[in-house]
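Order as written gives the chain letters A, B, C and D; numbering starts at 1 within each chain.
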Amino acid sequence: MIKVGIVGVTGYTGAELIKLIINHPEAEVSAITSKTYQGQPISSIFPIFNNIIDKKCQGLDVDNISEQTDIVFLCLPHKISMEYAPQFIKNNIKVIDLSADYRFDNVNSYEKAYQKHSSKELLKQSIYGLSEIYELQIKNANIIGNPGCYPTSFLLPMIPLVKEKLIDSQFIISDSKSGVSGAGRAPSLATHFCETNESFRPYSVTNHRHTPEMEEKLSEHAKESIKITFVPHLLPITRGMMTTIYTNLRTNVTRTHIEEMFHNYYKEKYFIRLLPKEAFPDILSVKGTNFCDIGFHVDNESGRLIIVSAIDNLLKGAAGQAVQNMNIIFDLKEYLGLNKL
Amino acid sequence: MIKVGIVGVTGYTGAELIKLIINHPEAEVSAITSKTYQGQPISSIFPIFNNIIDKKCQGLDVDNISEQTDIVFLCLPHKISMEYAPQFIKNNIKVIDLSADYRFDNVNSYEKAYQKHSSKELLKQSIYGLSEIYELQIKNANIIGNPGCYPTSFLLPMIPLVKEKLIDSQFIISDSKSGVSGAGRAPSLATHFCETNESFRPYSVTNHRHTPEMEEKLSEHAKESIKITFVPHLLPITRGMMTTIYTNLRTNVTRTHIEEMFHNYYKEKYFIRLLPKEAFPDILSVKGTNFCDIGFHVDNESGRLIIVSAIDNLLKGAAGQAVQNMNIIFDLKEYLGLNKL
Amino acid sequence: MIKVGIVGVTGYTGAELIKLIINHPEAEVSAITSKTYQGQPISSIFPIFNNIIDKKCQGLDVDNISEQTDIVFLCLPHKISMEYAPQFIKNNIKVIDLSADYRFDNVNSYEKAYQKHSSKELLKQSIYGLSEIYELQIKNANIIGNPGCYPTSFLLPMIPLVKEKLIDSQFIISDSKSGVSGAGRAPSLATHFCETNESFRPYSVTNHRHTPEMEEKLSEHAKESIKITFVPHLLPITRGMMTTIYTNLRTNVTRTHIEEMFHNYYKEKYFIRLLPKEAFPDILSVKGTNFCDIGFHVDNESGRLIIVSAIDNLLKGAAGQAVQNMNIIFDLKEYLGLNKL
Amino acid sequence: MIKVGIVGVTGYTGAELIKLIINHPEAEVSAITSKTYQGQPISSIFPIFNNIIDKKCQGLDVDNISEQTDIVFLCLPHKISMEYAPQFIKNNIKVIDLSADYRFDNVNSYEKAYQKHSSKELLKQSIYGLSEIYELQIKNANIIGNPGCYPTSFLLPMIPLVKEKLIDSQFIISDSKSGVSGAGRAPSLATHFCETNESFRPYSVTNHRHTPEMEEKLSEHAKESIKITFVPHLLPITRGMMTTIYTNLRTNVTRTHIEEMFHNYYKEKYFIRLLPKEAFPDILSVKGTNFCDIGFHVDNESGRLIIVSAIDNLLKGAAGQAVQNMNIIFDLKEYLGLNKL
């Protein structure tokens, strides 16, 4: 059994990781940590865990946690992650980091969007954990920078399209919509029930910190510099994410090309579901799963391509993909513990 | 035009008062105050007021506000209200206090449920603002203790029943359900969207601070000491409140007696809507209104009486009833500014 | 007092019209009709109207209704509207039609998107009721084709932009999101609570029937043929609509040009609220109002313009704009009965 | 592997059963039937099943289904169930019926609440599937009448209380609140998103058909005839149920007696979670689980006992308990396939 540590367990991502690992036939939760709730049983924070798991939150003593684990999932805020990740790596513990600290290849992009990077050496070794795309590198990785939720929903359909030069890479618009759990569990006016319920709003218009993450990965696969227009919106739902992407086909590219390309890339990928012609995803059909559903429409008259993708932001957009990456690292079937409902 | 001051305007009750007063044909908003947002236009806090009202929040300088107003609505926390109310009264400004500070006749009950009372003299003069019941006293009041939302939904049907000795006053159970706006605008884990959405839970089981308020008023009308069982629950909706009350009829009391009694008490009361036989309220039908809808069922076999009442917690349960009381004080029709949708 | 008839009153638009007209200082509801609920009081269908209005639904006898009214709002399905509108016009009753039957200038566009048109003569006289744009023509109109909700949210920001040649008219993408009330009150799996709650989905991707309506109006103002890409989505909220539009600025057009242009067009328009720089609309701030809030962002690097508009789909997107049009026809201030909250 | 048939698979209970069986280590879905969707893959009805299960809906040919299965779950409407159950039993297939047809011991009670019973012989052999209470009988049953959702949430705490004579059995009030999925998947005005969202309402006040089911079981365990007062309400959530019960303790019964009694009855019952003192259930903590959470409060002054229980109406209230019963019948651990999140 793989011994799993979840560091910073008391947010929504930490809770999802617990749920996944207790469902996992080859892994078990061996340590959980929380600064705020140290010493308290996890079921006192999330009563759903009563009778299911009775672990207590420990403090974050790296050596102590390292002794109890084979791999740790870091559910820490940006900046805090890079304080601890190198210590776990030094102890030969595999690290899957769910913050942004190990996602970038270009440290300048990171520093522009976030803050000074204090773990540049380890950043160089880190592999971007978009499982379907980086599977081979993930197999041998010691540290994974688990992708952001928006980037996951955007990059899975877009990387093959730019790689195969099927679309006009200078014209990519991503209109995304996310459930409130993406904003975390800390109370704020923005997450107050009455301010979000029965409402809908854009935020961080064109300056969301996931934009450079998406642009870097897309550019690498396109082998050219790509800028995108990205507008996220807040949906009055707890979990789920939808991304509607608008772009133009290159000359002579048809619906059939797109279909075949997606089929070639993803037919063997368990967690990518290509929808039939003129079918589009809905959030209800991915909620609680690790799937990324993709549908698209080609407007022949205008040459426009519209792609819609949907994921559960807490699963394929965070904890689910993290477990998928753990499976790949430990040479397990990628869907182990994730292929049930 | 009645010049209205709203003190502590930036909560949900304050915002509702603005909406009501700008709809009111005989009143106008002449001053608004906020400690936190002093100097800021109200539309920067609630953008819905753009183009509608461009007042700025003032600091709470009682003499200054008194010069600008005929009446003030105090939307302040318990304890803070009783610091300011006496000063406004001294300046001959009418006060409608929406905190609990001026609701109790028995100061001990207040102090047991809240804290030490520092304005006992004024408390003696204060009238409980349950409009339909205390209309005559409200006419001549200088200060009103505006009722709590739960007490409003409970007392309107129950006061006549105990006064007329139609029910067993030792057996009264109130199962109430409130929307989240009742918890106020301050962010907390309890009001976080993801903790409330798709959930439902009881809270303050039998020890909610509205219980002594209900028991005091009920006892006064019954001319005997009455204890009730009260359990509030949190509904995943922004606004609205429903109270389901269970009691027993006294011997020989029938459905017809109840119907006639309610008809006698409330037939001329604009804001009480008695529903037809076997019809029951729903929150959708009172949301955005100042109505209290009441339906009931008599179970002949068991002699049990079930009463269901519904109100909008921010209107009849707070700001709406406060304006109704203002209308009564200024000798206007009680529904002025309140009888539209 | 203007005597108002509401034909087909038992849908969500009909109910909103009642609410608006009973708030209106210069108009009154003099007749309401329903085929299904003929003879029943409106309060038995919408209990919120108890004590507010006690009218009964009549059958649709045109001559009878004509005698009771100065103007009728037709809340009938497409196709049925054009059976009755000519009869009301013959009786010299003003008609505001909320179906699509009188919105198009080009009858072929209508017939392609809907069905054969059987009232072509009257269609020629009809004025498109986008109040801020067609105000002068509306003043003298006998019949108004009240705009669709999506077209209202889209055309208000876009017509000035194409008229002033500020954007690339061949590249216009509209990503819209609507509350469920837009789908009407008839039960279906698509409007079932459990199928919509906690979900989100696109529908009618690029083939929604509001597309030709938007394209026709935009083309007329641009004096060139314009095609747009339009994808509507269903939001899990009762009411409200947001439209996010992506386009490109023409060479040398700057943020300042856009600002000045919007200012010039709309500074005197009560119901258009231009938000300050980098502020964007949210649905909560327009719900229950007739406002259209507009915010925009210019991305200097890419020359892209992103516009976000928000309306209440049942008000500015239907009943509210219809009343605004009635005000214009009867030479009243356009905001009468609509400028309160 | 136990071969499972799900008859009438296209409602919410059917979909939950599929999810549970595909998670079950000792069972598999071997046949699914639907009258309406015969021949269609289940993933075309519920797209969440794409890549998960690709079974097609068969018609309901009993002999054919019997050959493919060891046990069938009947998710059919009342009355239809009793047409088919006897045929499966004749073929030696175990039957778990999720309708009301096999829940009653007293056929008159059934016929009064539902309709004429046409399978009285089999009814006599049927065991009521409240797993924790009837476990011994379930072990040897061929046919199970799976309990209603309201009865499950009510009877689990109440049966021990009446059996042990701890409460006044003539005074039992149950105020229940259910999510909308309990109303089924058929579209109706009552389940229309806009009629339920942001609302709350009671229905079937004292005449819900689950009342005789609760009274019969309670009376049997109390060995006296018990009548209860039961008022169900509709919550604006998809799934989850809470029941707040009010009763009186018998003389000299204390909180400690209640605690010990619950502990004795349920300490070994995996799916009953007794909450610590003054903790109460919330729906979020049982959603997606087969748990029944129970909390209670004793009001010493009045001698009143308040019990709050929460379940997921589709799991412990329907499909989950059905699988628990299957586990018991096949001599498996009762939580197999049900003890994960």
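Everything that follows uses one rule, which is that a residue touches a chain if its C-beta (ideal position, glycine included) is under 8 Å from a C-beta of that chain, and two chains touch if they have at least 3 such contacts.
Here the structure is a predicted model, which is why all the values come from computation and not from measurement.
> Starting at chain B, how many touch steps does it take at minimum to reach chain D?
Graph distance in the chain contact network comes out at 1.
> Which chain's C-alpha centroid is most distant from that of chain A?
Following the centroid criterion, the farthest chain would be B.
> Across the interfaces A-B and A-C, which one involves more C-beta pairs in contact?
Top pair by contacting C-beta pairs is A-C.
> Based only on mean CA positions, could you tell me how far chain A sits from chain B in angstrom?
Chain centroid spacing, chain A to chain B, equals 46 Å.
> Between chain B and chain C, what distance separates the C-alpha centroids? Give it in angstrom.
37
> Just curious, how far off is chain C from chain A if you go by their C-alpha centres, in Å?
So the centre of chain A lies 39 Å away from the centre of chain C.
> Please list all residues of chain A that touch 2 or more other chains.
Residues 198, 236-239, 282, 284, 287 of chain A touch two or more partner chains.
> Along chain A, where are the residues that touch chain C in the complex?
Interface residues on the chain A side: 173, 175, 177, 195, 198-203, 205-206, 227, 229, 231, 233, 235-240, 242, 244, 246, 278, 280-284, 287, 297, 299, 301-302, 304, 306, 308.
> Please output the residues of chain C touching chain B within their complex, sorted ascending.
Where chain C meets chain B, its residues are 19, 22-23, 46-52, 198, 270, 273, 275, 279, 282, 284-289, 291, 293, 339-341.
> How about chain D: which of its residues touch chain C in the complex?
Result: residues 12, 180-181, 185, 187-189, 191-194, 196-198, 236-239 of chain D touch chain C.
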